[in-house]
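Below are two complexes that have subunit A in common, paired first with subunit B and then with subunit C.
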Partner chain A sequence: MRFAPTEEQTEFAAATGALLADTCPPSAVAAAWGGEVGRHTGLGDGDGRIRAAWDALVEMGVNGILVPEQQGGLAMSLDHLVGVLEECGYSALPDPVADSAGVVAHSLGQCSDTAPDVGAVNDTLAAVAAGSTVVSGFGSSPLVASATTADTLLMFTRDPTRVDPDAPADPAADRVVLLDRSEVDLEPVESVDGSRALARVRWDAASGACVAQGSAASALTDEAFLVAALADSALLVGLGRAMIDLTVSYVGERKQFGVPVGSFQAVKHHLADAALAVQFAEPLVRNAAHLMSGGVAVEAPGSIPTDSRSVAVSAAKARSSDAAKKVTETALQCHGAIGYTVEADLHLFMKRAWALARSHGDSAFHLKRVRRQLLAG
Partner chain B sequence: MNVVVCVKQIPDPADPGALDPNTKTLKRDVKLILDESDSYGVEMALQLVDTAGGGEVTLVSMAPNSEVGGLRTALAMGAAKAVLVSDEALAGSDALGTSKVLAKAIERAGEADLIITATESSDGYTGTVPEQIAELMGLPSITFAKSIAVEGGTVKVQRQTEAGYDDVEAPTPAVVSVTAGVVEPRYPSFKGIMAAKSKPVDEVTVADLGIDASQVGWAGAGQEILEIAAAEEREAGTIVEDDGEGFQKIVDYLAELKVI
Partner chain C sequence: MDLTWSDSEQAFRQECRSWLEGNVPAGGLDSGDTAEGFARHLEWEHQLHEARWSVVSWPEAYGGRDASLWEWLIFEEEYYAAGAPQRITQNGIFLLAPTIFEFGTPAQQDHYLPRMSAARDLWCQGWSEPNAGSDLAGISSRAVRDDEAGGWRLSGQKTWTTRGAFCTHLFGLFRSDPGSERHRGLTYFLVPLDAEGMTVRGFGRLDGDEGFAEVFLDDVFVPDDDGTTATMERGGILGGVDEGWGVAMATTSSERGLTLRSPGRFRATAARLVDLARDRRGESADSVLDAVTEAWLDAEAYALYTLADVTDLSEGRSPGARSSYNKVFWSEMDLRLHRAALDLLGAEAELDGGWMKGYEFALSGPIYAGTNEIQRNIIAERVLGLPRK
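On to the complex of A and B.
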């Protein structure tokens, strides 16, 4: 098995990183903050978007990575996307690349022949590759990031984090639809991360263009949820790396007793532990992407056969959420009092990590999923 | 319109490596990247070819160990092909030796209406190669271009000066060096990155170019590096406590320098 990135995947990620270093500096992320939190912190009244970065990413081809060639995409796999998403996390890009280019493109690509409303699915896929903003939500009135600036929403009736695994609902009741933003009711909700542009989405499952229903919708919901959790994991790994780099840079500058505080073992050890947590999470994310891209799992001798894709994604989300939590604690501690201020860049990354660690199932939820599937096997 | 761009592949400035105490030159056995100052020339060339509505951009580079990392970046931006000169005999080449090789490589790249270079490389900084290439090829040379337009058989350049710019014209083909920051180099697209892998890189040796190896490298270098040493650290200045008479010390100091 090989789940190290290929040369091409590494080049895609590097090109994305270089673009975002120019177009998405921390000052741009801060300016994207909005709502009460934005006003309260004096950061700005942005709408959670950095258009210059988004447009440049679209032109580069990021949004079409998973879109089929017929719809103007590159028809590549999640293997190619995760490295790109890690870079989006690294720069704390607030725009919904993970949703549009990940969850939505992957889900719609799965049913571009079979959907009841094939026309709407293929039109939306082409729009995604061309830069249209499409976000996704699970459940009857979910909280959806970037919903207020989305052109289209891909809505799933079932929220997999709210279903009792011992008493699952009837799969026949599941439905997946595409809705124009004007067809849903949006209520802005404050998030700890002021650039998240969070909104509660109230929507009518009987309206919109039908993407899937019944058992097909049920399977698509499970698949989309795995991609969403995987995409969050990749963003979290990038955020973790960014916070470690920010902190290492800070403790190299900040002096106490005449020397940089980073020269003290207590600081070094904390940061080494945090870096280790991120480095242990990243291979799990790559492995999950490899399996989700159709890669073959190698079962360790004596291991229990499982639905390896589902277990791999849950392991990645649990580990990356925990790693991000560990890094935020360490970064905040090592920054000292300045870390608590909105003037320091750290909070932009920290608050995004807090939000994403809880998004699409937190660590405890995903660990339970892993346990249940291992025991069931 | 066909444009040849000379590009240098250099050690990543973010991870610059070190000087070799034996050869007294920069160690270049690390992975090399496209010199950022050359990305402006590549972008300028791509824009000129776009404006002309046809033709292609060809890269010319000289690098050790068949290095193509930086060339692939420029090919991903949109250049069509490259000529790479890689030969152990080239180690130690000075600016003139480099120019001799590049001039021959440019000829090998085919008919060109324009040859674009950066003003100087980010790791060598001699800033003489563009003019030497022009002289060796018998072509007009225009330096410090901030904008370039080609009309008919004439290249019109706004040449950056300290006060503003001069309008300069020359018949094509000509060698034009561009200053950094005059255009915004494009980001390579994913399709460009994939396409770059299959674009032709014509790798040649000194012999292939018909150059006598004694004219280049250490053998042909007209310069010798006698010594390399770390730059002196800046010394701390004198601190004067102002007891109300501090101004007098400044006056005395300036008088000592014969400034007043």
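On to the complex of A and C.
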């Protein structure tokens, strides 16, 4: 029994954190803002990318963590990736590491032998490890972050958040394809987070390179959705930590009534509650990553028989989303008026958290998934 | 990450489970916080001791099994899953014993620990006073030096002493340096409740059980330690004179941390809650079923968090002030678990049944062992690093 990352995983994550501290400071995140929101706030005219950070991560091997060795990857596990994603969240990196290195690499790795178009799958895996930008979307016209700079898109016909969970999905209708950016119809839309580079993606399920169809596509869709929700959870834990640290630092310096505002008990209790929420969300994320990496769930008497992987991921996403939302409001309240501006860094983290807390299923959606399994017997 | 149990841990679990299956009293026991219930619980403690289950993590010489922290967790999981009785010896074995292991002389360890594991000495905690609760350093009960008689004379009043009316011994803090203030000049005393000058008055808790006591000390004599059994039977000092604060703090981290509230306990409550929710789901509002799910998730999160803590402890990394996170979380989780059950029961919740009694008990969690307001200050100051002033 050992509930902790390996020494190698801890060191890899720490090295990622150090690299991002250099290449992805809040000023770089602000400069990556673009579109109408970027102009309106006067922050940036960027495209949602910090290429210095992305290139450094690629060089370190981050993008190939889940990619098999044959395609130039490190063939490591989601256990390994979540620690890295927490660091990406901590620095509010806007680039789609969670998508390329997470959802896409994991999904394609699952069908590198079985896909109808094996060639496209393996080429894309190799491209991901080498730093190509591949993002994913669920449904016929999903909102996809970083879509405007993506080289390739991995598209799933079914959006698991929109399917009525009481009605069994028709597996025969599912299809998963890889499309070049030129093969889809991108309609840029404005996100509250100007670094999201968000677009509505319309695409033709009959086009592109086929990754899976029918029941294989259905299973792959469910799997990819779990990885997407898990990856968001890890980013949210990192964002939560970052906002707490920013706030602790600010309230330690800001003085009113002759003392730091952080010495007031009301402020202390707000921050203690925020820290508690993040603290008890993180083990759920780590546990979900372990199960999604093929690990065995801990055995305990009287534990309720459930589909442990899906429950574990939903537990992680529900709690990390709630924790991050709570932290955003606490952090803003403790910052006071300066937090209510685009001049302080806090908003960069808050707005990302608002977006991710509701992507790939919000807390109510995931709580319901847990509840259905728990109370079914 | 490796969330599997080793073969020997599995075997340990099986041994716990079979013994508990054969021995846990069917239908449970009356509350251990009443005189009759306490007597039945005492028999149960003797039964546990005879089968060497009373203190699994202690050395064999003191009645334990030298179990690892992991095995201790397993024992607790099995114990609560089996619906075994509450541990009336808990304040001794979980709060005092770790302190005796750390600060006791070898003679004290040999004297007190076997008697504690055998439930011959039953310990209660003498910390809080009428004017010193969460502010423990504000205590005024005093220990006066009597050089002529060769010992100390204790006077003052302790209160909120759990099961004080039924226990045999008290461990507590007394001001031994009359000129001292706050956490300086305190000494950690061990003293029998039948000593001359000691008066114990039990009183009802929120649920009416006589689970609390006031303890009045009027010139209670504690002789200097000469290493003999006869002297130790009359009490003694743990750690050095005037060094009681440091000794006591070692105990509070046990109380706030994982030793007092193992995850098995809450998982067992969560499993019962889920059973109740399955029975009642047709007549319950969605919001109530969501609250059940949230409370179950709490118990899962707490169990995983504890695995991370035990991993750290096993590898020599102490959680330190982080134990304040545990205390706030488990105590508020216990309330959420019971509140959800009462909401499922609806109008029947007011019946004086197990869930209502459990809810009343859970309400004490955020208050004892340092209120959760104090714990939040500790989290903010010692973990997050916010300024004290």
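Simple rule for what comes next: the second predicted complex is superposed on the first by the 373 of 377 C-alpha atoms of A that agree within 3 Å, B and C clash if a C-alpha of one lies under 4 Å from a C-alpha of the other, contacts with A are read in each partner's own complex, and residues count from 1 in each chain.
By definition in this document, contacts are C-beta pairs under 8 Å (C-beta built on N, C-alpha and C of every residue); 3 or more make two chains touch, one makes a residue touch a chain.
Since the structure is predicted, the reported quantities are computational estimates derived from the model, not experimental observations.
Participant: Tell me the contact category for A:S112 with respect to subunit B and subunit C: first, second, both or neither.
Facilitator: neither
Participant: A:F12 contacts which: subunit B (first), subunit C (second), both, neither?
Facilitator: A:F12: touches subunit B, not subunit C.
Participant: Just to be sure I read the superposition right, which of the two partners does A:T149 touch: subunit B = first, subunit C = second, or both, or neither?
Facilitator: After superposing on A, A:T149 lies clear of both subunit B and subunit C.
Participant: Give one of first, second, both or neither to describe whether A:I65 is in contact with subunit B, with subunit C, with both, or with none.
Facilitator: first
Participant: Given the touch rule stated above, what does A:S140 touch, subunit B (first), subunit C (second), both, or neither?
Facilitator: Neither subunit B nor subunit C is touched by A:S140.
Participant: Looking at subunit A, does subunit C or subunit B touch more of its residues?
Facilitator: Of subunit B and subunit C, C contacts more residues of subunit A.
Participant: Name the contact category of A:Q333: first (subunit B only), second (subunit C only), both, or neither.
Facilitator: Touch status of A:Q333: no partner.
Participant: Is A:A56 contacted by the first partner subunit B, the second partner subunit C, both or neither?
Facilitator: first
Participant: Mind listing the subunit A positions that touch subunit B in their complex?
Facilitator: Interface residues on subunit A, with respect to subunit B: 8, 11-12, 15, 18-19, 56, 59-62, 65, 74.
Participant: Tell me, which parts of subunit C touch subunit A in their complex?
Facilitator: Residues 1-6, 9, 17, 70, 77-78, 81, 264, 267-268, 271, 274, 277-278, 281, 289-290, 292-294, 296-298, 300-305, 307-308, 310-312, 315, 325, 328-329, 373, 375-377, 379-381, 383-389.
Participant: Show me the residue ranges of subunit B that touch subunit A in the complex, using the header's touch definition.
Facilitator: Against subunit A, the touching part of subunit B is residues 76, 187-191, 193-194, 197.
Participant: Hey, which residues of subunit A end up touching subunit C in the complex?
Facilitator: 1-6, 79, 244, 248, 251-252, 259-260, 262-263, 265, 267-269, 271-273, 275-276, 279-281, 283-284, 286-287, 290, 293, 295-304, 315, 318-319, 367-368, 370-371, 374-375, 377
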